[in-house]
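One chain, chain A, appears in both complexes that follow, with chain B as partner in the first and chain C in the second.
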Partner chain A sequence: MAHRPARDLLTGPVASITLALVVVITVGLFSVGPRFLSASNISIIGQFLAIPILVGTCAGFALLAGVVDLSIGSMVGVSAAIFGTLLINGWDVLPAAAATLVVCLAFGGLNAIAIVGFGADAIAATLGMLTALRGITYVVVEHWGVSGSLMAFHPGLFTFMNLSLWSLPLIFILVLLVAAVATLVVIKTRIGRHLKAAGGDERAASRAGISVPRVRTTALLISAFGAGLAGIIFVGQIGAVSRLTGFGLEFQVYAALMIGGYSILRGGVGNPAGGALGFLVIAGATNILDLNAINPYYVNIVIGLLLLAAVWLDRLRGGDSYE
Partner chain B sequence: MADIDTSSTSSPGRLSLSNFGVWGTILPLASAWLVLIAVTGAVRSDFLAHQTVLAVAFTMAVVGTLAVGQALVAISGSMVDLSQPTSLILSALVAVRLLELEFAVTLAVAIAVLSGAAWGFLNALIIVYGKINPVIVTLATNFIGLAALFLVFQIAESPINSSFRAFGLGSTLGIPNIWWPMVALIAVVGFFLPRTRYGRRAIAVGGSRFAAQARGISLPKTRFAIFTAAGAAAGLAGVLFACSSGPFTPSGGVVYLLPVIAAVILAGVTLSGGRGNLWILLLSVGFLSTVPTSLVFLGLSSDWQAIIQGLILVVAVAIDGYEARRGTR
Partner chain C sequence: MNHLSLRALALSAPLALGIAIASTGSGMAQDTFKVGMAVGGMECCEWMKSQGDVARALAAQRGWDYYELSNKGDAPTALKNAGLFIQEDVDVVIQFNGQPSVNPALAQRFGSAGVPVITYDIAEEGMYFVGIDNLAAGLAGGEALGQIVKEKWNCEPDLVISAEGAGAGIVNTWRTGGMRDGLKRVCPDIPEEKWVSFESVGQATVGLPAARDLLAAHPNAKRMAVVGLNDGGVLAAINAAEQLGRADEIIGWGQDGAFITGPNVNPHLAGSVFYFLEGYAVYAFRDVIDHIASGNPPPVKHDAGDPASRVQPCPVSAEQAQNVPGLQERVAMLLEAPAGTTAYDLFCPNK
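Moving on to the complex of A and B:
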């Protein structure tokens, strides 16, 4: 392909999402004013974005390896329910968190056994896991909760979640750090190259001596771990778990990841930085509508249109054309 | 029963369940259903009663009708229609609003079904002209559609004391009225799909779109036909939903999406297309719809149904994957 800088600027993988973010910030500054970029407003966005970006960064590993993990939303729910229950029963934070993460990794392991071990279709298998984990969340919340919600407020954890650094929420900065490290891993390391190879062309990867099953198993475990950690953060931030905690989060996360340059239909494309930018664009647009007191349902219309535009741009720059 | 199979993975020589063709799907499914009924009946003899039939058939109606649309999309190689929650509620809302304007019931129902078809046509427009994968298109249009519905209404209900409502809550031959249109739809579509030119084109496109193109089948036309038909099925489901349920909200259709996809997969319709028999939907939908009632009789809260249904799905697709892998070796 000929080198066309103007076109690359508009259609390159991270360029288009960066451009979208610039547009959102510009629109925000014009319609809301300088307070759009004020520390307090960004703190609100950051506090809200910590969980989706963490879940998305980790689920992105599965996408890169060519296996879609639909169970992440329910995994957040089941993790929050288990962690909350352990806190209620007098466990300390660290052992409770460790036990919760072990359980989530076990569920991720089940995903891997079905998909990698038996060769089940990833979407169908994790759809089953999504349903089962939601059911476990129902049962746990009903058993240990009161009228459909589980109160598990932990003062120490709540204080930690609300710590600030450079007038931004510490948890948001930590999650961005995770995304930054993940980006380096994907772009710069051998692990990242193996991931992309396994997701991009399974046969070529095997021939090159990469163990595709091991890569995919690891990716599914990372995805489960991220969602499990997000459930623990949820309990810290909110102090309560409902039957529907994390419900539908998978659709929001994958919409943002695709806007940020991932593909759910072919592995090996996208990186965590692009994904995080996708979340920032959606959150920025949401925030503009909120601050202008516009009906929040317009947000989902914006997400839908952004998603179509992102995938259409991806096709223009040589992505999958569906015919 | 006619087995439709254009997928290349099934070779006649290997020893596995798929050697039994369509029976390889039917037998395990039917046995699982019978075991479930037998176990529940053994623990609680009052399970084997007319009430249970009513409850199961009632649950089956909307799920089964949606499953026809979802199966058409899957068989033709477009994987899933994630926008069914929107088309279901769109059609239900259209039916309710028209009845409130005192339209004749048949006219209101017809327009409601057409609104579902129009939604499917819209999806096809974006898929065909944007050349974007249906999974992504329907994910996006479901975001947009549900948001638009929330902007239009908060809660709606079919007019109380109307003949429409009376139909939805009544029964014929001891089975709920809304069950019969579902069965008729599955029977008719299941019969014509492998036996007509249009049906076979859809299956051929799902099996291999390149081979289908080489045979002169138009992909855009097939996509328009499939998504419009699937939308109409979702529209019919919306009508059944509106006449049989109480007040509903714009998000009332969301709960159906995953069970419907699960039913389609359990019925042996591969998401990658080219294979599937719609009649088996009656078994998979019936089986999945019996689970909640059984659990209640076994003394487990209905919350357990999601766990059981999810595990059934994981095990089923794992077995399916294992069989397919052995076949390709």
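Moving on to the complex of A and C:
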């Protein structure tokens, strides 16, 4: 495809979401005023977005490799449940976190065995994992918790989650750094090219000497790792786990990723910067409604319209042919 | 594309790091008393929206500002909303939070900001409790259902199904467990193996698959009694029985009264316990917020057993409920009633 900067600016997969964010900021400044971009307001948004952006950044690797991982939401739940259980049983934070991540990687490995090893459909396999993990979360919280909640408040972790740097939540800055590094990996390294090749055209990638199974396995493990880490952050922020932790998070994450330029059905499309911007656009739009005290029931309409706009832009840029 | 991506990152970084950190002003300065309301926001339940509507109207009657957000039944969203309430300088917050696991974090955040919080139905230390006596409501509903089970089946049902709503935490324990205990008071000899449970999430549609599975696992059960967290959960079991053609002998008794009024009440829902959830704000304003606004905040009573304001439960049969107006009509009548009049005063047929 010829390089046409003006067209790319309007229809490129990341540039378009950047423009959307500029529009959201402009609308926010006009309708809310300067406090829309105040440190206080960005901190509120940032604390809330830390988990979804982390999960989305890592799940995006699986999407790029051509496999959708529906188990991410329940992986956050099971991670939080395991981590919380270990904390209340006297484990220190770091060993508990390490053990939790190992368990989550094992679940990610099971996803990989089913999808890559046995050729199972990714949606079916990870839907099965979603269901199983939800059950495990339920059982763990039921056993170790009281009345459906597992109280696992850890003062040190809570303090860490609320640390600020340059008036912004440290955890938000760290997650943005992860997204930035992931973006560089995807667009600048051979690993990223292999990911996109494996997701974009499996046969062509194989003929080019790329091990598609290895790429997809790695991507699924990264997806599980991100969700596992998010579960640990969840316990740090909330100090408790319920049996419904992570319930429906996968929809929130994939909606933002699609708005940010990823495709659920086509691999090789999108990059982590676009995904992170997708989260910021949704959070910014929601925040405008919140600060204007507009009926909160309208929020879903806005998200739905943004998704439709994303689909329209996807068509505008030519879908498969663009990539 | 690579250049575009890097450009996008470059554009997003200043945003994330605060293009306007210099403009650190938080909420606008304001003199008018401001009430914040965090509605439950779950799509199942019209009464959650009505709770906000009544609070908004009562604030407007007093000439106060009102700021409403939705918790969406989600713990992180509830925590985010707490930050927004504090930023927007509300003087008091009312919340209905269906995810009680986040309540300690909310109490910590509001407490450090000095914002008093009224919590509906789910108690938390440091927050004013306004709500029903959940255990009493559960026991009352269970006893009412027990009388029917005794009359119809001589206390010998094939199954007693509990429609749990685990996310509600201790409230589920009190209500659903209380209904079981109430039923046992009337029918103490129902064997242990007859008592079964499923997770209804408190919603008729969401709980339907689990209810179907439970019924499929007990193919020979005919006489079935259903208790649960709320009307929605109980209806999940009744609807499942209807779908499987096994609704001839299923009887449910709900909690909260959400689905016991109007023209389309399920005939197998024998009754419910009205809380008149839409009208809780009358109690909150009358017993707590008006005092805070006048500079005389009452002592914080967080215990459901000794609440800041107690909502009376109102057990009703389906027949009695036919004379109770529907939700929207109740809201309209409540707002036209003299100040301090509760929905219980206006609508409960068993006062």
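The rule is simple: the second predicted complex is superposed on the first by the 311 of 323 C-alpha atoms of A that agree within 3 Å, B and C clash if a C-alpha of one lies under 4 Å from a C-alpha of the other, contacts with A are read in each partner's own complex, and residues count from 1 in each chain.
The rule is short, and it goes like this: a residue touches a chain if its C-beta (ideal position, glycine included) is under 8 Å from a C-beta of that chain, and two chains touch if they have at least 3 such contacts.
Treat the numbers as computed from the prediction; the structure is a model and nothing was measured.
Participant: Following the overlay on chain A, give me a clash-or-fit verdict for chain B and chain C.
Facilitator: In the arrangement built by aligning on chain A, the partners chain C and chain B clash.
Participant: Applying the document's definition of touch, where does A:265 land relative to chain B and chain C: first, second, both, or neither?
Facilitator: First partner only.
Participant: Does chain A have more residues touched by chain B or by chain C?
Facilitator: Comparing touch counts on chain A for chain B and chain C gives C.
Participant: Contacts for A:307 in the overlay, against chain B (first) and chain C (second): which applies, first, second, both or neither?
Facilitator: first
Participant: Between chain B (first) and chain C (second), which, if any, makes contact with A:159: first, second, both or neither?
Facilitator: neither
Participant: Pick one for A:299: touches chain B only (first), chain C only (second), both, or neither.
Facilitator: both
Participant: Examine A:138 and indicate which partner it touches, taking first as chain B and second as chain C; both and neither are also allowed.
Facilitator: both
Participant: Determine where on chain A the residues touched by chain B overlap those touched by chain C, and list them.
Facilitator: 138, 142, 248, 295, 297, 299
Participant: Show me the residue ranges of chain A that touch chain C in the complex, using the header's touch definition.
Facilitator: Against chain C, the touching part of chain A is residues 8-9, 12-15, 17-18, 21-22, 25, 34-35, 37-48, 51, 138, 142, 146-151, 153, 166-168, 172-173, 176, 180, 183, 187-188, 234, 237-245, 248, 271, 273-274, 276-277, 280, 290-291, 293, 295-297, 299.
Participant: Which bits of chain C are touching chain A when the two form their complex?
Facilitator: Contacts found on chain C: 1-2, 4-9, 11-13, 15-21, 23-28, 39, 41, 49, 66-70, 72, 74-77, 79-81, 83-84, 87-88, 99-102, 104-105, 166-170, 172-173, 199, 201.
Participant: Hey, which residues of chain A end up touching chain B in the complex?
Facilitator: 110, 113-115, 117-121, 123-125, 127-136, 138-139, 142, 248, 251, 254-255, 258, 264-265, 295, 297-301, 303-305, 307-308, 311-312, 315, 320-323
Participant: For chain B, which residues count as touching chain A in their complex?
Facilitator: So the residues of chain B touching chain A come out as 79-80, 82, 126-127, 130-137, 139-144, 146-148, 150-151, 209, 219, 254, 258-259, 261-262, 265, 270-272, 301, 303-314, 316-322, 324-325.
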